[in-house]
Amino acid sequence: MKIVMAIIKPFKLEEVRDALTGIGVHGLTVTEVKGYGRQKGHTEIYRGAEYAVSFLPKLKIEVAVPSDQVAKVVEAITASAKTGQIGDGKIFVFQIEHAVRIRTGETDADAL
Amino acid sequence: MKIVMAIIKPFKLEEVRDALTGIGVHGLTVTEVKGYGRQKGHTEIYRGAEYAVSFLPKLKIEVAVPSDQVAKVVEAITASAKTGQIGDGKIFVFQIEHAVRIRTGETDADAL
Amino acid sequence: MKIVMAIIKPFKLEEVRDALTGIGVHGLTVTEVKGYGRQKGHTEIYRGAEYAVSFLPKLKIEVAVPSDQVAKVVEAITASAKTGQIGDGKIFVFQIEHAVRIRTGETDADAL
Amino acid sequence: MNLKTWSRVGIPALLAASALALPVLAQTATPAPDAAAAAAAAPVINKGDTAWMLVSAILVLAMSVPGLALFYGGLVRSKNMLSVLMQVFYSVAIVGIIWVLYGYSLAFTGGNDFFGGFSKAFLKGVTVESAGGTFSVGVAIPELVFVAFQMTFAMITPALIFGAFAERVKFSAVVLFVPLWVTFIYFPMAHMVWYWAGPDAVDAAAKALAAADAGGKAAAQAALDAVLSDAGFLYKMGAIDFAGGTVVHINAGIAALVGCLIVGKRTGYGKEAFQPHSLTLTLVGAGLLWVGWFGFNAGSNLEANGLTALAMMNTFIATCAAALSWMIVEWLAKGKPSMLGVVSGAIAGLVAVTPMAGFAGIMGALISGLVVGVVCFFFCTTVKNAFGYDDSLDVFGVHGVGGIVGAIATGIVVSPALGGTGIYDYTTGAVAEYNMATQVIAQIKAVLFTIVWSGVGSAIVFYIVHAVVGLRATVEKEREGLDITEHGERAYHS
Amino acid sequence: MNLKTWSRVGIPALLAASALALPVLAQTATPAPDAAAAAAAAPVINKGDTAWMLVSAILVLAMSVPGLALFYGGLVRSKNMLSVLMQVFYSVAIVGIIWVLYGYSLAFTGGNDFFGGFSKAFLKGVTVESAGGTFSVGVAIPELVFVAFQMTFAMITPALIFGAFAERVKFSAVVLFVPLWVTFIYFPMAHMVWYWAGPDAVDAAAKALAAADAGGKAAAQAALDAVLSDAGFLYKMGAIDFAGGTVVHINAGIAALVGCLIVGKRTGYGKEAFQPHSLTLTLVGAGLLWVGWFGFNAGSNLEANGLTALAMMNTFIATCAAALSWMIVEWLAKGKPSMLGVVSGAIAGLVAVTPMAGFAGIMGALISGLVVGVVCFFFCTTVKNAFGYDDSLDVFGVHGVGGIVGAIATGIVVSPALGGTGIYDYTTGAVAEYNMATQVIAQIKAVLFTIVWSGVGSAIVFYIVHAVVGLRATVEKEREGLDITEHGERAYHS
Amino acid sequence: MNLKTWSRVGIPALLAASALALPVLAQTATPAPDAAAAAAAAPVINKGDTAWMLVSAILVLAMSVPGLALFYGGLVRSKNMLSVLMQVFYSVAIVGIIWVLYGYSLAFTGGNDFFGGFSKAFLKGVTVESAGGTFSVGVAIPELVFVAFQMTFAMITPALIFGAFAERVKFSAVVLFVPLWVTFIYFPMAHMVWYWAGPDAVDAAAKALAAADAGGKAAAQAALDAVLSDAGFLYKMGAIDFAGGTVVHINAGIAALVGCLIVGKRTGYGKEAFQPHSLTLTLVGAGLLWVGWFGFNAGSNLEANGLTALAMMNTFIATCAAALSWMIVEWLAKGKPSMLGVVSGAIAGLVAVTPMAGFAGIMGALISGLVVGVVCFFFCTTVKNAFGYDDSLDVFGVHGVGGIVGAIATGIVVSPALGGTGIYDYTTGAVAEYNMATQVIAQIKAVLFTIVWSGVGSAIVFYIVHAVVGLRATVEKEREGLDITEHGERAYHS
């Protein structure tokens, strides 16, 4: 069981969600984050004060899936989140040791 | 050393926190997230525009604990976060390789 | 390849970012979180209602780096995020199994 | 606009009229003394007064929307924000319609001591030419301005109530509650307190009596008595109330207390934190309430003159004083002075100065403000917590308690010896003798009557609503927030 | 202030003048009948009227900033918030400057039937002593108050338009659009609808005709005809419009529809969720719009009297009614009553009551409000979705449609038989005979003319702007939000 | 209301009075020429004026709460929001109390050239019947309206100052600062600029002089001189200031600069980003400031007439012009026009037009607005950054600099040759000869005096406060935010 964590552009959320449901993944968790990377930020000016803003709004998506589905999930996200422009984001995959569904107490694969 | 990450219903935070302090865990980090899963969302209507909102507000709790306490922590969260209704959330457990307390530089178990 | 996750005091973000770019790390993701720990919270009073607020605003920083840079990164964060006061935060290190850059499909070390 | 006019008729007139006052219902048979009124010279409309009253009506609307809506809305959790805004807006809208259908008529036509009749239903006969009396003999304003001004009072009063049980009632309950409550509680109350024959009628009858020869004395006296008796119940009781301490604030404050007791506490009360989602909005609302309240209080003079300016100054100073006294006592008691405390004090001051605005001297208003800030602080913190009722936004603690303090203090600060204006007697055309004990007792009687009227009446209305549509949202809806569950929308998105 | 004055001149005068009405350009050669006007006694300025009109101008400013800015701003996504605020503020600022340079002159001096001249450019000759007529014979207000009041109308009208294509146009397009649009569309429209010789001139000429002996009859008639013909095109067409249903609302609503069709849909329309970022702000904006609208509607009477109060009451009641009717129909159709629905209904009611404010009886306003709430609901939901145009903030659905409903309904509710005021005829000094068919047809003609004028004219202006600076921001800028990309700032930080 | 009245007394009178002007303290012994004043016919109160002034006082309150509170509050970080709101509300509240205790008396009773006396402490003798003069001979308003109107000016002025050192001072410092500053800096300043004997007294004395026979000439001249010398120091200096450029804006702007220098920079200044937490709120505040400023500027005429309308138009147009000129210069200099820039320009325009509101022609106001937008932009960006002081919300850059520009420009645009009103001379009953050099020098002298007075005086007050309670919050408290640490609450929750 793995967790796939992806940093994506905010307006891509719906497409990614659709791509995932398309391959049978029906659960995920989304966090609003700010990302710093190669993508250029912008300058904000408030009267005399200029600020170079290098943190850009991104969404972090976390999807827990059985290990055998990881490749499919990564592919689905890559395809749907891609614009081809700098700042499209990253995908990281981690190992989950254990999972529980709080409502039922089911564990591991059953918990997803 | 593990990190226990739980997605819970927002109004359960205080109960979970109390349950954890009850078993001697005195540190955790909380993030506001949005979750998508089996729990049905709702429809929002703004004049002519209707939106099916399937992302629901959840809280993500992260607790780092020594490996031997993981079971207890999972149990405490499960018990306190449960309402028995769909959408109660999940718990995922990860391995931490290394931990540091910034203030002191203490590491691993001492850092918690 | 590892991910270094640090919980820090919000006003330390710029310093940490500078420290990391100083050692050649040019990407990271930031999340606003609330932390509970040893650091004392405060009391809020709204007319007759008093609330002890024990969750304090923190930032969570996630940096993915090749395994050999982890020590340097942890050190840079520790040095730059430290005030010496309680509540400075923690650093946790995890293993990443796999990484992808969405824009190019590059993987693992190339994806960072 | 209020009880004060009675006061101006004075204690002597009260004595003269007292025989008529009980049994009140019997007295309704007395023919309305229109003839005497008509005999007086037609009062003159001054465009300066008209301009001021147009503005005042607008200001009172601004108190409700957006003033009160924001003041209350800022104090709830964001998931219930729209439900609060909706309740206020609905109250305003439905009461506007009811007002022109029959509300104005029920409140402001003759009838019996407790409510008026239907002679002006649908505003029949109220044209652009109609003139309405003020509190000065010979001075009138267009009746439609008065209709608009009074309407805005009726609009805001039920909206005040909802603060007490915010975050948990069904919208359908609100929809049903407002028409019932204004019809059976508010309009009668307005009639009882504010309906009277007007200065010109009293003046004309009094002059006719003075001019009558021996033979005509008895008839003229009877005519004057008839004019004096053509007024609401509380009006004749001799209490004074410049701008609606009883009708609006005590009335709403008591209904609020009753309501929050019947509805019950919010789910999670005492366990979860119910922090205000935006004190900024609460400040905006409080600011607009203050700004609008000058229409409420100074507008209640119905003219633009020196007395209006006094009402304005009192409305300024009592507010400042109560804001500061709440701030200081909170600083001492809790260790920190809060912004919510300061604005809560300000609203308490506004409530308290309402009945005394045109009666108190400025120093009287100042001291009343200092007192009410402390008293309301005590109620909203210690007393509420001691009794454990969940008056979410402290409607009772501020409007009820502040209204009671203000109403009773009015009996004191009106004293000319304390810099007050005294009470004008239209039958003699001069300020009457003042007796503090008499006046304070009259004030207390009016307060007690209002508490009983509103308490019992509102409870009945709440139970009716409960029986018909149910008062409370389910726990699940409460958890998810009323905005989504009742209105299908959320206040904030990114 | 509006077409109503024509209406007051009445149908008989219309007939008398009709020969002059076409060809309108030829008619501009007619010498202005200043002599006749001068012959009348100098009208008197009452400080009550002045005070009211000062307040009214302020209230109409408050409608734009912060009213409209918030009403619109709350409805967009937070990344475009400042762009909306900026567009509104810019409109207000640039129109103010243009107004005193040549706008007032173009709108409110004689010229031809379609636009005025430059005789008052730079407000030449308008001093603190200048008096401007009202709608009552012999009553004037300082001309500078009228200049200010009318300016605020010109300020808000272009700002209304931007709601239709919010979140996607370049600021430079807005910068160019506003001056062009007010110059070529708005000022002529204001002239056509609102310019006339004034009550004193008509009255004096009519009296001169009445007093003329057989020999002078023809000359006096010619003089009267000349006075009556010294007016704008639509004014002479016989339609009535109390406070700007055509000039402001239909005009802006049609320009908005044309604009959103030309600009095209927002990127992501129909796929992404475009939820309002703060309905709280929308409520605040709606509240301030309502509050300010009393200046707009009741201020349009130019005096503070009973008719002003009627306009105020109508503005209250139509708004309440439309808020409730939208709420009810939405509740029935969608299952839940929304706060956005209630305030949308309120704005629709305000739009609809604008042309009828001083003409309708209160029951007429109430029913008009009920109707417009339902009609606008239908347009903003079903019709818009059916046609698929992206009128982001429903400017057409509320201002265009509501304006049309109101303009036509005005022809009905003005009927004295339905409690309306009827139409005053300055030549006879009395309310004229009323014929509903005639009046409704006149209203429809004025509506159609406005649709064509604004539709064609605005389209031309949009294409000019498109050619010169381009209308639309790039997709990347739209994605990132106009606040950052066009203005270099963001509305919210922590 | 301001220096203008002096100006109307004119240069000749200035010469006549100059002998008396120094030594000023000696001059206080001169008996007040009440007899002469009393000889004039009692001035008449018009309800239209009263209505307007009631409204004006309300509008100026709306400038502070919620206007200024939001304008400033939106610009700070959310963790300090409530501290800003609290500072503004506290200022308003405490100054209201001080005003009725002794402030009004200190400012507006005779005394010496620098401050008044305590004869009206506790508003002794100010009743609903008291009349106060305007700027027209024979026209009065209820004195209580004047008391209220002026009070609102005193309330907002200290609140302006706090913007310069927002986000870092202790609330207890604010609590101590306000009473000291208004007592020792503001009230004297108001007295120096605004106190004079009034038009009726001057007019009566001048007429008495004209009517005097040879024998009485000298006595009559002495009486006139006495009347003319019964005025504040700056008033007699001959500068003109319609609505408070010196007393309010320069005074506050200089105190702000001094304050932010003494308090020091915010922790993290230049390193961390101090982005405004809600420019939306700042826009709302700016809008309400503009709306309210009509009360401030046009209300300063104390009457509702054509001159009031001129002051209103100038207040409109200078604001529009400055908003646009800031926008344009920012667009050129920084590449993007910002919404904060537009509203900053608007406020700069409002500040600059304040002293000239009733003196400038509309084109004069327009040009002044264009100029001040550019100058203030330059100060808030280049100059501030060059000197490196942390005037957090640009109080000096906008109010100080804008006030100075406006005060000096007033001396130019008042010129009748440039469309200004010229300066009325009450002793001759006509507009006086105008000499630009003389007038501009008088303006500059008044500006310099104000800078010194406020600069030195405010510094002393700041050091006293520093010594008694300390000015600055600890760095930890600053980091955590003043809302939690000083007030125990937070502005926003979910």
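Going in written order, the chains are labelled A, B, C, D, E and F, and every chain counts its residues from 1.
Here is the rule we go by: a residue touches a chain if its C-beta (ideal position, glycine included) is under 8 Å from a C-beta of that chain, and two chains touch if they have at least 3 such contacts.
Chain-to-protein mapping (UniProt): A, B, C = Nitrogen regulatory protein P-II; D, E, F = Ammonium transporter.
Keep in mind it's a predicted model, so treat the numbers as computed, not measured.
Between subunit B and subunit E (Ammonium transporter), the least number of touching-chain steps is 1. Interface comparison, C-F versus E-F: the higher number of contacting C-beta pairs is recorded for E-F. Comparing contact pairs by residue number, the interface of B-E is reproduced by A-F among A-E, A-F or C-F, since over half of the pairs coincide. Mean C-alpha positions place subunit D (Ammonium transporter) and subunit F (Ammonium transporter) at a centre distance of 36 Å.
Work out the mean CA point of subunit C and of subunit D (Ammonium transporter), and you get 56 Å between them. One finds 50 Å separating the Cα centroids of subunit B and subunit D (Ammonium transporter).
Those residues of subunit B in touch with two or more other chains are numbered 31-32, 44-46, 94-95. Counting partner chains per residue, subunit F (Ammonium transporter) shows two or more touched chains at residues 46-49, 51-52, 55, 275-276, 278, 284, 334, 336, 338, 340, 488-490, 494.
Here the chains touching each other pair up as A-B, A-C, A-E, A-F, B-C, B-D, B-E, C-D, C-F, D-E, D-F, E-F.
Against subunit D (Ammonium transporter), the residues of subunit F (Ammonium transporter) that register as touching in their complex are 45-52, 54-55, 57-58, 61-62, 65-67, 69-70, 73, 81-82, 85-86, 89-90, 92-94, 96-97, 100, 122-123, 127-130, 142-145, 147-148, 151, 171, 278, 281, 284, 486-494. Per the touch definition, subunit B reaches subunit E (Ammonium transporter) in the complex via residues 44-49, 51, 53.
By the touch criterion given at the top, residues 2, 6-8, 31-38, 54-55, 58, 60, 70, 74, 77-78, 81-95 of subunit B touch subunit A in their complex. If you check the complex, the residues on subunit F (Ammonium transporter) that touch subunit E (Ammonium transporter) are 46-49, 51-52, 55, 59, 77-78, 275-280, 283-284, 286-288, 290-291, 294, 298, 303-310, 312-313, 316-317, 319-321, 323-324, 327, 334-340, 342-343, 346, 362-363, 366, 421.
On the side of subunit E (Ammonium transporter), the complex with subunit B involves touching residues 75, 273-276, 334, 336, 338, 340-341, 344, 380-382, 384-385, 394, 397.
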